[in-house]
Amino acid sequence: MTVDPAAASCPVPRTDSSHIRLGHGSGGQLMAELLGEVITPGLLPPGPMEDAAVLPDPGGDLALSTDAFVVTPRFFPGGDIGMLAVHGTVNDLAMRGAVPIALAVSYVLEEGLPMAELRRINDSVAKAAADCGVAVVTGDTKVVNRGACDGIYITTTGVGRIAPAAAVSAANAAVGDAVLVSGPIGSHGTAILSVREGLGFEAAITSDTRPLHELVAAMLAAGGAGVHVLRDPTRGGLASALIEVAQASQVGIEITEAAVPVPTPVTAACELLGLDVWHVANEGCLIALVAPEAADAVLAAMRTCPEAEHASLIGRVTAGPSGRVTARTPLGTARVVDMLIGEQLPRIC
Amino acid sequence: MTVDPAAASCPVPRTDSSHIRLGHGSGGQLMAELLGEVITPGLLPPGPMEDAAVLPDPGGDLALSTDAFVVTPRFFPGGDIGMLAVHGTVNDLAMRGAVPIALAVSYVLEEGLPMAELRRINDSVAKAAADCGVAVVTGDTKVVNRGACDGIYITTTGVGRIAPAAAVSAANAAVGDAVLVSGPIGSHGTAILSVREGLGFEAAITSDTRPLHELVAAMLAAGGAGVHVLRDPTRGGLASALIEVAQASQVGIEITEAAVPVPTPVTAACELLGLDVWHVANEGCLIALVAPEAADAVLAAMRTCPEAEHASLIGRVTAGPSGRVTARTPLGTARVVDMLIGEQLPRIC
Amino acid sequence: MKYLDEYRDPVLARRLLSELESTATRPWTLMEVCGGQTHTIVRQGIDELLPHGIRMIHGPGCPVCVTPLEMVDKAIAIASRDGVIFCSYGDMLRVPGSGGDLLGVKARGGDVRVVYTPLDAVSLAVANPDRQVVFFAVGFETTAPANAMAVKQAASLGLDNFSVLVSHVLVPPAITAILDAPDNEVTAFLAAGHVCAVMGWTQYEPIAAAYRVPIVVTGFEPLDLIEGIVMAVRQLETGRAEVENQYVRAVRRTGNSRARDTIDEVFTLTDRTWRGIGEIAHSGLRLSEAYRHHDAETRFPVEREATRESEVCIAGEILRGTRLPTDCLAYGTACTPRHPLGAPMVSAEGTCAAFHTAGRGRQATLEEQ
Amino acid sequence: MKYLDEYRDPVLARRLLSELESTATRPWTLMEVCGGQTHTIVRQGIDELLPHGIRMIHGPGCPVCVTPLEMVDKAIAIASRDGVIFCSYGDMLRVPGSGGDLLGVKARGGDVRVVYTPLDAVSLAVANPDRQVVFFAVGFETTAPANAMAVKQAASLGLDNFSVLVSHVLVPPAITAILDAPDNEVTAFLAAGHVCAVMGWTQYEPIAAAYRVPIVVTGFEPLDLIEGIVMAVRQLETGRAEVENQYVRAVRRTGNSRARDTIDEVFTLTDRTWRGIGEIAHSGLRLSEAYRHHDAETRFPVEREATRESEVCIAGEILRGTRLPTDCLAYGTACTPRHPLGAPMVSAEGTCAAFHTAGRGRQATLEEQ
Amino acid sequence: MCLGIPGRIVDVAQGRPRMGTVDFDGLRREACLEYVPEAETGDYVIVHVGFAISRVDEAEAARTLAVIRAIPDALATELGTEP
Amino acid sequence: MCLGIPGRIVDVAQGRPRMGTVDFDGLRREACLEYVPEAETGDYVIVHVGFAISRVDEAEAARTLAVIRAIPDALATELGTEP
């Protein structure tokens, strides 16, 4: 027997990188590789990794918004968690009349996430940000144990510059304001539900997730200070958005149920599962409360934008009761619109 | 038998709120309650819930930094995930010479998280932010299924105003710079490890998590443009921080091993588990690379701050090889400092 | 959607309502048995459009609502067990038991899952041979064939880890019990269309005859409901008491024989307690002897705890119009829409909730209304 | 820390080194057997401070490193099974098998856990009666008593779900094998202090005598190591070949009899393959018959796949100084510190890794050095 | 009770119990067709918790609507807009 | 191989195997003392993977150091700084 003692020395990680490992979040070489090879390219500007990014003096008021994205499944008809994370925050900035100038992107990754999925999602973040004309300037990546995350969670935080004319707030609704919606509701939430594990649906529904800041710019150009409130009716759906505005502005809102556009397959999904489409989450539309004298101009401007060709007038702001939203039914009766209580569950009755 | 048909009508959620439920993240009433009763008070300014916060024109360059906090356990000797999430981002801003002006806080909560823990953590975020003199201006809360998060993850994003004199970057180290450390290393990472489930240690170690922006202000006041690099050696520890700076600045760094302060119990923990203390994460200290002519003044200024009374000179920037960090051992020999490869694992040999 | 949209046409609804207006000459009290019908009536405001004197009472036709407290508590106890995957239709998850609900069990770590169909629970049992899968089999006659098929399927697959917690209820005994009550005011019934799609309406014929009460098998859309009301009122006005079928597109007199046969094979009649009503003889289904192996109640014996409903709630009187919400000691304090103690505080349409949402205070009295 | 800090004193180290300087008159090649000692020597740069001609060769004393590829592959196969909780000391998790490592198994969904002590694995078996807990029992004589105790404990608790994958190795047969090699250059050994704390040093006495080679039982701190080297060189210079004990504070000649008895009870001698060395007769431990019930290899039979090491690696020649890293075809391309093909690329202290970190390119030749 | 929605059978599978795919205006789901042996591809069925419980009778459906449409519109008659 | 760290026994529990608490400069962990029956509270033991494998002999430890301290410091002697 020949002995080569040297050949018996300590081996070291020869890691395959087909899946995320805990070590990818350790702050060491594996992490540097992950950042350098997978995450940074295309997403962040080249240069040294800094603790914080520098934004040159924006010269005006800013909007700041953050949202965590935890959607399951992470790929769904019409989109994925990456683009959603960009659109969601760009839209929240837009809802204050702001144009996005910088995004911070923070990932929590589950050990075992296929690297190919991370690449795909990261590319989607990069592409969505580029499409929105906003730079991702800083980010963070953590890895947690398998079973301590559902693949990937993304928190995006956006900084926006508020258009000088804009004074948009949930508290600004005034009696007589027109309530506008930029397009059909319910597509996003039902698209997600239709592919959610266990429900077993094949869908003809795709999420309408998209950025709305250009639409908002067009609306502000047309309506100026007449644009009182902007809101993207995400979680909680149209009902929550309207009730929140009614409460914040201490007004009533009356909506004509039949005027609210709902795509046919969305109606079908809601019928089948016993859901209220007004409680279903949206990602690609907004509601606007606009002074009556500006409403026509704003609605016309909206309809020139591809993201709002089907914009509609759906209701009016009333004197109250404060915080109360009512729906005028097709039969002409009025019902109080209630907020979803807990989560949405399929019903049998 | 008396029949009361009306009494047979539909009951509704009479939820106990001792634990987080999925419905707390649904955008409906339960969520409004959670925000109104637990999260918003003390954390966010009163007023309507808006999609984005408005920051008045800051009138200067900004720093932007984001970090996800996923620490297990969420309460540890010396701190908790809430204060860590504030300190971590405040410190990242400080590492670019910035004073924090606004924080965005995003929670991902696990269904089943005891409400009392959430209150405690939320209070801790609020207190830490107040202690740092920075306002939390916006936030987000999501709830994921039980088993899809380890209790709570927090992403904080900070906006800071950069001090006019500051020009701090990982790329700014120059040959001859003094390498300073603000205090003993290793306490945070070993405090976490010592209480991590399964290791079974009772620790005399507490995390030193704390904000460093006031220390940085004092350093900038003393050293001005002579403060070239600031870095908080978090994940990856001192070794990663030094190597990253050496790479970004294309210089060499030589550290005198014996000059690096390490608390006794931290040494013990590292001996016992076979860890390299230079790879252990820190949260309460920083390294600074300072022009030689400013080093004494900066070091003196640091020592007047309670968070850096034991600040030390630990090394020098050399001409290279570029990106190489070497340690001068107590025996006088030199060794190349390597970055942690993957995660830190207890060793038996 | 075909067969839905055309039955929601407001113009045709108006025609039916005018027809009703011209038909009704006296006050009548009708009960729609089914919760689905109640939902349409209240949501669309159909009750507000009825001629003066035509009053709708909402029946006990919600299988979720009538599931007895004790059974909800049993479900919670079983779902809380280690190793159990507890499957349920979504609406049962929020129903409060004595000390919480199934969503709370899930939040505290129980493996509680929503299924769209009971066959999904069977699939879960196949996929998790080391776990016990328990399905909460609630429902009226409409749901019984589906739940029965799941049990048959599990039996034929030899699944030892699949069982059902059965709380099925039947409509005709409930109608009879309502009619037997001394203070009954109901003069006609709209029978539940989907229950009859399975069962047909032959069971209702002796009831209509014996109690001299019109029964109209009715669908769920606005036109269905208004037409059903028109047909019932027309019987009342002309002194008839027959079973008629408004929901002709989906219901035949003898129902669905295959589905009924499967119910008969898997289940057998039993006495059952209805929440808010009490025990009604032969008003429920339990597993037949042949399928007892899949009975969750025998597999997971649960200590029978004393169950309790709120004592302060005066829901019955409020809904019969004899007292106001503001007369209730709990109104606006212990009882709110988010924490209802009784049915009328439950949804925006409930009397107490409507009062509360409208901001009416305790000082308001009947006179002020 | 008491008993650590005082043995790291650089001033005393200098005194010992000057003592060594004055003792050594000729070149000698010493091998420290233990990886822990290697760690101190390389990290503190002790080898750089030795007098010219005194050369340290790093021995096979890392139980992690010498665990045969086949056993790592077996561990990976078992850890990948459903229902298994695979427990290991942390350092085994990164050791590459033929197609991955245990951390990769964990990333792909295997339940792989790091334990600090084998008793924790036993506790896991108690806490998870429905899972199979497998502990990867690697180590030298130091670790064998701990691992043996875990097996005894599991047996006395009657745990049917606890087993061990045993890959224990023994030091004296390895020393003998090294001495038997035709190209052996080692003239003295520093024996591993902690192995001897358990075993004593009587086993080394016949080796020292037979091969005329000094063996010094040595501790792990800089002063221990330099003193051990001084003691070995003094023997060499004076022509002695004895077993001496530098690590007197922890090691007695007969070791720890209780620990040895437990090893003898639970384990029995076996032939074992050492990674990078080959099979050495009677150089390992396996479970004794009495404890075969807890043998993971019989409980989880693994298809024996052909295992393979890199063929291009010239580690042996590089470490004997006959070739340079830049002569290796894989250097800097297929083989880098993050993706090492052989031992010298493994840690910053390895020759190949040192070359690579210093940026030396393939064009560099021996002359240029 | 008993949410039941009409959908069109687009596919019938072999095997017991009889399963098939039902289309609800673009949304498709597998449903058990065991209880509607007479229903074939193209037929509408009422689906409740994944089970078809009844075939929709097209002729009866049309008849119901025709009956309602035949009712004169009182308001339109008053205003003279009824055709 | 075989990371072994000296720690001081601060507590010995009843039962088999013999367990106790060992203090490592402030960090404490339970360790198995079954193999060091002679070691009592206050004694230092070498702990490896949670097992005390050897009691530290204080006298021998001191002797080792004394021997090394007795070596003249060549450099200091040269420079005349050795006391």
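So that you can tell them apart, the chains are marked A, B, C, D, E and F in the order they are listed, and the count of residues begins at 1 in each.
Going forward, a contact is a pair of C-beta atoms (placed from the backbone, for glycine too) under 8 Å apart; a residue touches a chain by one contact, two chains touch by 3 or more.
Just so it is clear, the structure is predicted and the values come from calculations on it, not from any experiment.
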| item | value |
| --- | --- |
| Relative to subunit D, chain with the most remote C-alpha centre | E |
| Remotest chain, subunit C as reference, centres from CA atoms | F |
| Mean-CA-position distance for subunit F and subunit A (Å) | 60 |
| Rounded Å distance, subunit D centre to subunit F centre (Cα mean) | 22 |
| Centroid spacing, where centroids are CA-atom means, of subunit A and subunit E in whole angstrom | 36 |
| Subunit C residues counted as touching two or more neighbouring chains | 1, 4, 14, 35-36, 62-64, 89, 94, 103, 116, 120, 139, 143, 338, 347 |
| Junction residues of subunit F, two or more chains touched | 1-3, 5, 24-25, 29, 48-49 |
| Overlap residues in subunit A, where contacts from two or more other chains coincide | 12-13, 15, 21-23, 29-30, 200, 264, 267-268, 271, 274, 341-342, 347-349 |
| Residues of subunit B touching subunit A in the complex | 12-13, 15, 21-32, 47-70, 72, 91-93, 95-96, 98, 102, 104-108, 137-142, 144-145, 147-150, 153, 155, 157-160, 162, 169-171, 230-232, 234-237, 240, 244, 247-248, 279, 281, 339-344 |
| Complex contact set, residues of subunit D against subunit A | 31, 35, 38, 57-60, 62, 64-66, 94-96, 100-101, 103-104, 106-109, 177-178, 180-184, 186, 274-280, 315-316, 318-320, 337-347, 350 |
| Footprint of subunit C on subunit B - complex, ascending | 1-16, 19-23, 29-30, 33, 111-112, 146 |
| Of subunit F, residues touching subunit D in the complex | 1-6, 8, 17, 24-25, 29, 32, 34-37, 44, 46, 48-51, 53-54, 56-58, 60-61, 63-65, 68-69, 71-75 |
| List of subunit A residues in touch with subunit C within their complex | 198-200, 264, 267-268, 271, 273-274, 321, 324, 329-338, 341-342, 345-349 |
